[in-house]
Each structure stands twice: as C-alpha cells, then as structure tokens.
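In the two complexes that follow, chain A is the common piece, with chain B as its partner first and chain C second.
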Partner chain A sequence: MRGTALARWAAGAGGLALVATGCGGGTGGSVGTAVLSSSWGDPQNPLEPANTNEVQGGKVLDMIFRGLKRYNPRTAQAENWVARSVETTDSQNFTVRLKDWRFSNGEKVTARSFVDAWNYGASLRNNQKNAYFFGYIDGYDKVHPGSGTQSADTLSGLRVVDDHTFTVRLNQKFSGFPDTLGYAAFAPLPRAFFTHHAAWLDKPVGDGPYTIESYTKGSQMTLRKWDAYPGPDKARNGGVTLRVYTDNNTAYTDLMSGNLDLVDDIPAAQLKNVRSDLGNRYINTPAGIIQTIAFPHYDPGWNKPGSQKVRTGLSMAIDRKQITRTIFRGTRTPATDWTSPVLGLAGGYKPGLCGSACDYRPAEARKLIKEGGGIPGGQVRITYNADTGSHRQWVDAVCNSINNALGNGRACVGNPVGTYADYRNQIGQHKMTGPFRSGWQMDYPLIQDFLQPLYYTDASSNDGKWSNKDFDRLIDRANAETDRPRAMADFQKAEEVVRDDMAAIPLWYQNGSGGYSERLSDVALDPFSVPVYYAIKVS
Partner chain B sequence: MGRYVVRRLLQMVPVFIGSTLLIFLMVNVMGDPVAGLCGERACDPGTAAQLRREFGLDQPVWQQYATYMGNVFTGDFGTAFNGQKVTELMSTAFPVTIRLTLVAIVLEIVIGITLGVVTGLRRGRPVDTGVLLGTLVVISVPTFVTGLLLQLLLGVRWGWIRPSVSPAAPVDELIVPGLVLASVSLAYVTRLTRTSIAENRRSDYVRTAVAKGLPRRRVVVRHLLRNSLIPVVTFIGTDIGALMGGAIVTERIFNIHGVGYQLYQGILRQNTQTVVGFVTVLVLVFLVANLVVDLLYAVLDPRIRYA
Partner chain C sequence: MPEQPYEPERAIAGTGMGGAMDLAASEATTLEPAPAGPLGTGPVGKPRSLWSDAWRDLRRNPVFLLCALVIVFLVFVSLWPSAIASGSPLTCDLARSQDGPGPGAPFGYDGQGCNVYTRTVYGARTSVTVGVLATLGVSVLGSVLGGLAGYFGGVWDAILSRITDIFFAIPVVLGGLVLLSVVTSNTVWPVIGFMVLLGWPQISRIARGSVITAKQHDYVQAARALGASDTRILLRHIAPNAVAPVIVVATIALGTYIALEATLSYLGVGLKPPSVSWGIDISAASPYIRNAPHALLWPSGALAVTVLAFIMLGDAVRDALDPKLR
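What follows is the complex of A and B.
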C-alpha cells in the first residue's frame, strides 16, 4: 500500500515537472512548482460567490476570486485590488474605477462583470443567501422584497459608465461601504457564469491567483497556480489540493503521518498535545470571531426593569480566564468588548470597554442578580447545539462557574439541541425562554459588522430582538459620518449602550488554529481563520 | 418456487412504503431545514420563503411525501441543498460503500468460517479457548475504539497504511477499514459456525458418512459444513444491510466518502431528500438480501422446499 501511494506521488510530481517546463515562466527552480494538500470540508452551498456564507466554500472563493478590495491578511485593512479607486463625496454616491484585470479564461474584467454579478446576487429568484449584502444599494427592495415577487431585475443604484467605471448609489449614507467590498459576495463574474451556469458550477472560473484543475464534489478539489495572474499576490506554490475530511481528527492523524500538509482546524481533543506534536508548526492567531451569550429580550422575564442587572451579574459570575485556559488551552482569549482584536485599535477594537462587567466578581454578581429580582424562573438554561464545536464542554464550564459564584448548584444548566438546523430553528421562531449560545464571525473587518447586524432594531442577526433607540441613533450617525475617527467614536459609544444594558454577554475572542508539515513554510491564517494559501512555500 | 418469490416480492411493497414514510416523518419532525442554511443568522424572509417553495417545504407533509414518492418512481430522488442531484450523490457514494461491504463480507466469510470450523472440530482444546477469548474481546470493544487504535498503530506509528482512504477508495486501501467494519460480525460468525459444527458433528448423517469410509476432508466440507452453514448464511445475509447502513462510524474514522458519510452530512443539514433517498435504497438492499438468504436455504439444505 505504501508502494502504490509512493508511485502515485511520483507520477504526480512528474506531471508537475512537465507543467513547469511547459510554461517555463517566472520563478524557476523547485520553489513555486510543488503542490500542497490541505484539509477541507464539503461546502454547504453551490460555489457561487453570493451564495457562500461559510468558511469552507469561502476558502475556495478566496483562492479563485479577487474583488474590488482585499483585506490585508495581516492587518485586516481593506486595500484596493481590482479597484483603482472607490471615491465618494457624500458617503452615498460612489464611483468605482477598475484596473486592467482578467479572468483566468482570458475574458476581461469590466464594470459589467461587477454590475451583472451584483444584480445576480441581489435578485430574489436566484436564492442567493448573501443577497442582503446588497441591501444598501438603491433599488434592493424592488429586486429582493421581503415577501411577494420582485418588481425589478436589476438594482437601480448600479450604473455602468464605461468598461472601467461604474457608479453605485446607496439608499442611505454608509461611509464604511468601500470597506465592505472585500467580501466574496462582491466578486466579479465572467459571462460563462450566466451563459453556462451548470458547467461553471462544476468547475468555477474566477480572477484570482489559482484556477481549478478538477473538482470532485464531496471529496476533492485540485487548484493550480494561474501563471498569467495579473495581481501582485501571485501564488508562491504550484497549487493546492483540498481534501474533504468528515472528521477533523482524521485530518490531524493524516498530518501526523505525513499524508497531509496543512490542517486549519485542530480538534479540541488534540489541543493538549499539539505543541509537543508540531512544535513551532502550530499556528494560533486571532480571528474575527466572538462568542457571546444572547438573551431572549422578547421574553417578559428577561425584559423588565432591573433585568440588565441580572444579565450583568451573570456576566460577572463567569470566570473567563480559567475557562479559556483549561478548556480551550489558549485558543480563545477572554473578551473585554463586543468586537474583535483583529480590527486593531484604529478599526474600533477597544480592550477593556466592558470594564468590570466582564471581570470575575462573584460577590458583586450575587448582589446584582439579587437587586435585579433574581434569575427569571429560578434557573438559567443556556441553549446550544451539541453537534459541532465543543459547545457542550464550555457551556457546562460556564454553568459551573455561575453555580459556584452564586453558591447554588442548580442556578444554571446547559440545554443541548441535537442539530444546528434545529437549534437555528428554535432561535428563529423567537420562542427561547432563556439565554442561548451565539457566535459571530465577521463578514468584513469593520466595527459596524460586529454591532449593526447583531443589535440594531430588527437587524438580520438580532436573534434576541434587543432594541434600543440610542443605539440605533448612534449607529445611523456613525454610518453617515465621513470622518473615520469620528465614526469610530460613535460606534464605540453605541457599543457602550450595549454594555450598559448587557444586551449580550461577551465571552471570548476565538483564535484560528492550524498546523502544517515540515515541507511548508510561510504559513499563516488570515483574520477570517483561512490559510493565506498564495504565500505558502513548499520545499 | 416461482409463486413463493412473487409472494415475497408483493410483501415488500407495504414494508417499503411503511419504512420510507417513517423516515420521511422522522426527518420532518426535526423542524425546518432552511433555518440552518444561513450560518449564524436567520435567512432573510424573502430568500427563506423562496427556498421553502422550491423544496416544496411550504406544502403539508402528506403532500410532500406523495410528491416525493411519485418522483422516486420516475427515478428522481430530488436535489440536495448544495445543488447536487441525490442520484449523483448515490452514484459516487454507493460504489465506495459496496466495495467496503464486500471487503468486510469476504473477510467475515474467510476468517470467520475458517476459525469457526477449526474451533468447532477441536472443542475444548487450547485453540478453541484462545479463539473464544479473542472473539469475546472483539465483541466487547466498540468499533470506533478498534478503528482508532488500528489507525494510530498501523497508520501513524508503523506507517504500514495511509490513515485515511483516498477519494478513489481502491480495494487495497479498504482492507483495514473493512476489517474494522467486519470485526464484530466476524466474531459472531466464528461463534455461530463453531456451535453449529460442534452440534452437527454428532448427528446421524455425519456418522453415516464417516462409516461409509469417506475421506475426512469430504465429510467436513460436503456433509458437515454445508448443513452447519444455514444459521451463518442467515446472519451474513442480514448483515449486508447492517454493514452498508452501519458504516457511518468506520467511514468517519477512515474518511471514506460513502453512504455513511452522505447520511451523516444529510442528517446534520436536515436534508430530507438525501436522507430519505439513501435510506430508501438501503431498505431495498435489506429486503432483497433477506429474500436471497431465504432462497439460499433451499440450495444448502435439500430438505427445505418452497411452494
């Protein structure tokens, strides 16, 4: 068996050598031609940019697409990529100018590539799950009404000026809009996407540093370096083979036995030996993910005068430091605000904004909960889905911590739900009677993305139905503000409103973790916890 | 014989309809699958309504079932949430699982029956006691422990095999997973054969055969084994279905993309079409395997006749 594996590997290497000499381009030598293998999960949706809302599909899109902007993998700053410039004078009308760029099938990336793609993504009939990203663009309510059929096919706010220019009119002022354009949903699409849709889905074609060589749905995708890629972030390896693993434990075992080069999800059970197994080939870097405990503000028991004291008390009863150290072994960091460290101080992250409310203070916790009228129903039941992640362990730990702090062994229990779909179902019906687990992975590195979708009145992910006029007003003002520091100040003021009412308890910032084989170097995870594939060197 | 087969085939119809209906209802009870499709947020109401309409989820359950069964009879098993046809998923998953099951069954037959014959003929000897103890250990250790242990030892420590099976899943890579999958059944086959052989050794026809002066080999293979295999064949026949559907754990450990993987994925994503489709086929496999087993009786034991 070993023999066949070796033979196959040798054949693969031979094929690659042929490719390398055939192209005869650029880097030369062995660097840049070797292929690495990486763990993957089966994407939940078809690989359309506006339909991919999870990290596994996002991984592929990040390799084969480049949008107007790209988030710097290190600093998370949005930088112009296919865009030459995105200009506005009033935060509502934007003019986008493009660089000369091509799709890997030779087609030119034009203003129309973007406008058609965005119209497709926004249109109700295409069932695109990221459609709401186009919700700021004028005319969205016509192409994507909340109910009934659409009365228009294209967004009235988009206008093609010439091949390299188009304009965007928003339905409200939103100064952060250019910074959202690095999200995959805003990627341009070639004509083949519209004319030969099924064939395109079998083998997507984009304008990024890699092209897809073959795709066996549900098991493997092989990507190759696109030699003629026009951008500055050319791949430094010959390609990437993504292999679907059902269980991240198997992927880890494969890494240990030299069968796999890169895993971007270390199983919780292996965290205690990962350092001795991998040494400095273990990566653990902050990602734009925050875990919180949300509350059903629609439930009268949790929404009466003094309830905020109970919520703050519960927050103070959680020993975040101990839980992150013992259960997560440093792969999560105690949260001290409602955003993420990856934003950076300039981007709105403000450590310590939560203040003493996020410290472990059992005595004060008991006092506050008593003042607030006690826990509704006498017991906190934290609902979570038990099928993925290691939610059970930490929910139990949080409950233990609360029980210890309150000196009541029955103050808090976990309430597991079998599947994620069922869990989302129960949340969506707004029938929760107690707090529930809530995780948020940012779509784009902006403080706005950590606040507005989660806490604005009736926002898309405001699962607890929290509503506060001051918060809404501050967010509106911040979005309209063209001066960046002033906008940040307003966002942070809004975050203070969240804190004072303890709309949700911040628990910890989640890190991305990964490990790689000795063949690789220059491996890093970006703020979305996706490996920065193009930069990886294979020896 | 012919009439018997027809009667059995007709009996399959209600069993088939009943089991698919049960599965359909069970997946439906789990709630609205659209809720899990949009990550950590609610789908916007427009898209959610559109998706429900497209998957027929806005209709009453009985109507969904009727439509589904109607489509199944025309060979259309519906579409999974990731846009792939369920028949397409089946065409990639079933060959892999069938290969794995075959490997497991072959190991079961070869190793299990051989050990059973050896121990049955040498009852009470050290060989018998040793194998008996071995089967006890195999039966009492859960499959996932055996699987992970073999994977760690053979795959990582000694490097004899790849810890995971490649997407093409060739037979040579499936031997260790097949052994793990077969391990418990293998132990049962050994024990069944042993008891059966030991019992029949004392029967009249064996004594007659020995008295006739037939060579020992012929007595064991033609007379003793053939009659002793009836309970074993029943067991292996019903085991085919169990192995195909029960490979979830083994497939997960060795990262095999077969039926177990698709079912697991389908249940997690509450994908009615995938789950019901795959289970329907498994039900058919079960029914057919049972029929074949019953027919095999007649071949093995000349005393059994079907009318």
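What follows is the complex of A and C.
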C-alpha cells in the first residue's frame, strides 16, 4: 500500500457534527452499544476492495470486510479467518476450503463470492489499482495483458469446486501466496456488487463486523456494529464515526477538548507534550511502515554513471538519529535496511544491511557526491506533500542535515506540493526532477512486499522507474523457493542490490502513534498502524 | 500657522512663483517663464508650497519621526543584515531545536534549531524588498494607466474602469493561491508581480480621479490655449498636481503589501525556502507554539512593527498633504 499512513485528504473539516455519543445501535449509553469517534480522511476512490490502495479507504475495508486470512493485530501473523484451510503440496496449486459465513445483507459467502471478486479485480476492463495482486494467478496475462485488449474475462487458474471449496493455480511457485490473502484486495464480494453496482458503491456491503450506515464526503462516515456477525471478532462497541480531518493538529486539539475519541496520527509538533497530555492514553507501537527518499531514475541527471555515489553520499549526509530523536521523539527508528522490524528476523528483517551507507558520515558524503559528479542541477529539491502528517518538519530537517554536511546552506530545499492527490498525480506522471518522499506501508507481512512492488522492473509502485536485472532475477528466484530460509536469503541478496545502487534512501521505520479519550479502553494499533476498532470498549 | 488648502492653482493665484515647488517645475514657470519676484501681495520671505508645508508639518509630528526612524533602521538592516546578526540564517543545528535564548541567539532557536534572531534580521530584507518594489510597480503602472484614462476619457476610460472593476472583484488571497501555486521560482519576483497585477487598479482609480480634477483647472486650460501638447500638459502641469493622493495611498499600501507577502508565504505560495521570510518562519513555528512560542512571537512582532510603521507613516503623510481631512 502506498505510504499514506499520514495522509489527510483535503476537504472541509468545518461544520462537523457534535460528538456522536448516545446514538448507538440500540438504546445507547451502555457498554457495548456506545459509539466512538475517530479521526479519518476521505478515501481516494470508491471503496471497491481491489481499487483501494491507500490507508484511509483501507481502514474502512478492514472494518466491513473479512477475507480468507486475517493478520493478527498483535503479531501480524496471517491466520485463517473465512478460510477453513488453504492447502498446497507444491507451492503452485492451492485448495481453499471455507467456513460458513455470511454477508451483512444475509447472503452466504461462497467459493463463488471469492472467485467472482478476484476475476473482477484482475480484469483489465475494471481498471482496478490492486489488479497486480492477482498477477501470480494463472491466466492473469490474458485478463490483464501489459498492452492490447484482454483475451479472457476470467482467470483460468481459479476453479470453483463446490460452495465451500475452490482451487487456485499459480503461474509460478510462490510459497508466500497464502500469507498475502489477508490483504483487502482478496476480499469476497456479494452478488449485489455486480448486479447493483452503483447502489453498492453508495453503501458498500461486506462480511465484516461493521456495516456502513452513511457517508458524507468531506465530513464523516458512520459505521454500526453488525449484530449478527458470524466471526469471533465481534465489535465490542456500538459503532464508529469516522470524522474527516485535513490537519492532524486539529484532530489532536479536538481530542484534547473532548470532541473526538481517537486519533491515529499524533502531529510531530505535539510529541513533546503527548505524555503529559494523555499519560497512558498515548499509544506508540511498531508498524510495518518505512519512510524513504525515492529518486527519479527516469531523469538523466539522476541516472548516469556515478549517480549511485551521489545517492549514497546524500544518504550519508542525513543524521537519522538526531532527526528521529528531535523531530519524532522516538516514534521513528533510524532505518538500517529496506524492510521493517515488524517482519522479525525470521521474516527477513536484517538490521545493519544498509551498513555505513545509512550512517551519518558528513566527510565521506562530501567525497562521494564530488566523485559522483556533484548534485544534478546544483541543488537537491525534495518534493513532498504538505497537507499530510508532519512531512514538512522532517524534510526541512533532512535538508538542514544535508546542508550542514555539505557546508552549503542552499544544497537542499524542500519542495512542498499542496495536496496528496496532486503529489501522487505528479509522481504517477513521472514529472519529478529530483528526489521525492516515499513511504511504504506493508500490505502483508512478507519481505517480498517491501521489495517487489517498489523496485521490480515496472512494478506497480516503482515510482522512480528503477530497473535492475540482478534484482529482478533474485526476486523471481526467491518467490519460487519453497524453503523459507533460502527464500529469505535470496530476498536479502536482492535487497543488497538495492543498497549497492542506493535505489532509494531508507530513512526510518515508523511507529503507529495514537491517543484516545478517557471514554475508551482496550485501544491498540495493529502492525499496519490501523486502530483495532472491533476490540475498543466505550464507557 | 496659516492653513493652506490643497489647491494646486493657488500657486498661480497666490504667489505666482513656481520656484517653491519641490517635486517638479510648477505650472507657473511654464506660463510665465521669468517672473522676477512676488507680485507684490505675497508674504515676506520665501513662499511655501504644498510640499514644503507638508514637510514642515511632518518634521513636527512625533508619530512620523518615530515611524521614519523604524523604517530607516529596517532599510539599514535590509542592506547590511550581517552588521547586527552574525552567522547565516540557513545554518541550523537540530540539536538546539526549540532551545531558549543563548549566546549569539538572543531570541532562541526554532523547531529546526535555526537562530531566530538571525532569521528575523535577515527576514527584514525580504519584507522591505517586496514592499518597496511592489509599491513602486503598483504606483507606476496604476498612475500611468489611471492618469491616461482620466486625461483622455472616452471609450478607453470606460474600458479601463471596467477592467479595474474586474480586478477589484478578485479576492487577493484566493488569487494568490491560484496564481502563485503554479510558480516554482524561488525569487521575490513572482510575488511582486502578483501584487502589481492585483494592486494597480486601486492606484489607477485614485490617479484617474485626481487627474480629472486637475485637468479642469484654469491653468490647464491656459496651457492648452497657449498651444501646449498633451504630453507637456500631462507631465508639467497635471502630474505634479495630481500625484499627492497617489503617494498617500501608496505609502499606506506598502505596509499592507508586506503583510500580504507574509500571508502568502505562510500559506506556502509566496516565497519558498531557502528564501528567508517572516511569513515562512511564522508558518513553520506555529505548530510549536506550546513549546517554543518565542520562535513564533519574534518574527510576528517584527512583522507587526514593520507593517505598523509603514501604515502610520502613510497616515502622517496623508495628514500633511491633505489638510482638509483634519
């Protein structure tokens, strides 16, 4: 998922409703039926599961959908949820068996609910942002060819056996495939999605613990507990009101004044006060998010012999320790590889893989940048979006660090873009002429997700168009590997290729940080830095 | 002290001597090339014009003197900031983030560890540059267009008046957000250009009215009767007598342009780093107001004092030039 952890969509935050207390699903007021309010931002697209690749929409999908697997909110391990079992003998052919489950409109969740949803998501005709997640399923090249028109409507690798069973055939071995199935793109869809599409988009119907009651763009979305939810993770509150904020400072102020129950993004400027303001109602948990600085490898200035020295030099000019300590007050940890500690050592996280290239070494930085032919254009302009989170603070700090290291007050400047939408558009159109901020929040807890979508040739989120044959070959080999430790070793070798070319500068691992009102208890953020809404109790 | 109403033709009717006109040659010189002296009824000693009279008033006005002092200081600081502040405003040490006052940093440090004193001093240059250049641009463009329209009248006057109406209808901040957000330049020129673009109609309207008043006076008719060309009448007879209201409005506007520059920079569309501007610093410091209010208060204070100085100076000049208002 694109790094939108701090995304706050531009929209009027004024005229918000008052606190939604006491209007829960039933009589209201008592434990179990009271509603909580939480900070949010408008999703980028209508909430089709295969078309939502940003955090705010993902937050809602996580409440109204349950897929085959679910990532444990504490450990991030993929656990069977709607699936009774996902079995394979060769890492290429999988048999999925389902539990008895229902959509909130009463319809049964069947094998067809999944197969139809996946075919819809993969089809080129539907132009879904997450289509590439189905890329390993056999027949994907026919329904979603790289160019030209599709020659098939359905994935030949999917076959419905009976109501509770379907099989998946992949076009190559991919041992991690079952672990990816917790991602929202793999959610099942009810018939109504296909038969009454517009009505479904107005009020999406899923199979998760909450149902959507209403949504007013730019203002709020109200979700209600689904009383007949068949899963074990029934909501322990009456519902959630997601309120749109365009500025995390405003949300924080509302939390402090009692107008809001939960914020999942503490503004950097308030981190100094957060302990005294909130005490133990402040949450700071590791999340699968890494912030990096990406480069426009399509720009000749950044892609000539020696450019990797300039990039490595810039990396060495950034004092990560100082910035994470001062600006982020420990809610970020200096990165020493391109993954996340959330993966765990067994999952591929390898501290120190970056080596000296991620240490603050001003003298060496100067030397490398000089050897590499200097900074293209004489000035580094780091582009970022100004509307979300606290990017301005750290971009300014990174620039000051680079300026100090290079002894030139104008070597680096921040280049703010007003809105996240505009920023993403400029990146999508490959208009960058210098480095730009790039954050990555994992889709599923596999090292593959931190490498392939970002650095594989022409991958969906390879915004800088970096391309390296060795890297691609190692990723292919790692995916096909059924032996987990050997697969990890190959992924890490691929990561070393990224390091040696400094395709992107790793900055820091991001924690999820949030705070809540005295009305709430049992509040936690999952490893994706999304609040675990169902477990929250409201008094 | 004799009250001398702001009536330019007095120069002929009263003293008949143009030599006292400070700003430009008076109409008297044109009409009567070499009158040797007062016509006999004039006061003893050197006759006073509007301008010398205004200057006499101003010299005795403590508000004017105070404002002028502040402005002279600001101009000095803009030209030689290093004279009173050591170090570079672009050198920031994150380790000092949000620290209070220390040696060499009487105003403390901001969130990025930059020296607030140094940045505030260097910020004056931006403000004064933008204010002065925008005012000059607006005055020249507005006076020329408004003056020509007022003098020649007719269809061009009607067209120009409608154009000024249109420009008046553009909200300044909204216009700035739209127009300046597409500019990537790091210099002061886009901001100045934007201010001139949206500011000239105000001056143009005043210049037009003032020229229309002036051109109806007898000395203009006389000049025309004597065969003077339009250029000559405009430059030698009308301009000197119509310029006072423009000067008054422009001086007051200078302060508002400085405030507007800070507003636009605060919103991220005015000047951009690494330019040093009070607006940028105020914007950067505002989230830290709870922990480091000094980083917000000093540039805000400097901005307030500067804007106030220019506006009050403009007020004093208006009082002196337009005694009818008193």
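Everything that follows uses one rule, which is that the second predicted complex is superposed on the first by the 450 of 539 C-alpha atoms of A that agree within 3 Å, B and C clash if a C-alpha of one lies under 4 Å from a C-alpha of the other, contacts with A are read in each partner's own complex, and residues count from 1 in each chain.
Methods note: a residue touches a chain if its C-beta (ideal position, glycine included) is under 8 Å from a C-beta of that chain, and two chains touch if they have at least 3 such contacts.
Computed from a prediction, not measured in an experiment: that's the story for all the values here.
Q: May I ask you to decide whether A:219 touches chain B, chain C, both, or neither, giving the answer as first, second, both or neither?
A: first
Q: Between chain B (first) and chain C (second), which, if any, makes contact with A:192: first, second, both or neither?
A: neither
Q: Taking the superposition on A as described, I'd like to know which of chain B and chain C A:416 touches: first, second, both or neither.
A: second
Q: In the overlay, answer first, second, both or neither for which of chain B and chain C A:425 touches.
A: So A:425 only meets chain B here.
Q: State whether A:524 touches chain B only (first), chain C only (second), both chains, or neither.
A: After superposition on chain A, A:524 lies in contact with neither partner.
Q: In this superposed model, does chain C or chain B come into contact with more residues of chain A?
A: Higher number of touched chain A residues: B.
Q: Should A:532 be classified as contacting the first partner (chain B), the second (chain C), both, or neither?
A: neither
Q: Is A:480 contacted by the first partner chain B, the second partner chain C, both or neither?
A: After superposing on A, A:480 lies clear of both chain B and chain C.
Q: Shared contact residues on chain A, chain B side and chain C side combined as an intersection?
A: 418
Q: Under the stated contact criterion, what part of chain A meets chain C in this complex?
A: Residue list for chain A touching chain C: 249, 267-270, 272-273, 319, 322-323, 326-327, 386, 390, 392-393, 396-397, 399-401, 403-404, 409-410, 413-416, 418.
Q: Using the touch definition from the top, list the residues of chain A that touch chain B in their complex.
A: Going by the criterion above, the answer is residues 1-2, 4-5, 42-46, 53-54, 124-125, 127-129, 131-132, 144-147, 201, 216-220, 243-247, 250-251, 253-254, 256-257, 259, 387-388, 418-428, 438-441, 453, 460-461, 463.
Q: Which stretch or stretches of chain B touch chain A in the complex?
A: 30-33, 35-47, 49-51, 54, 81-84, 88-89, 92, 151-152, 155-156, 159-164, 167, 170, 172-173, 251-255, 257, 261-262, 264-265, 267-270
Q: Flag every residue of chain C that touches chain A in the complex, lowest number first.
A: Where chain C meets chain A, its residues are 88, 90-95, 97-98, 111-114, 181, 184, 186, 268, 272-274, 284, 287-288, 290-291.
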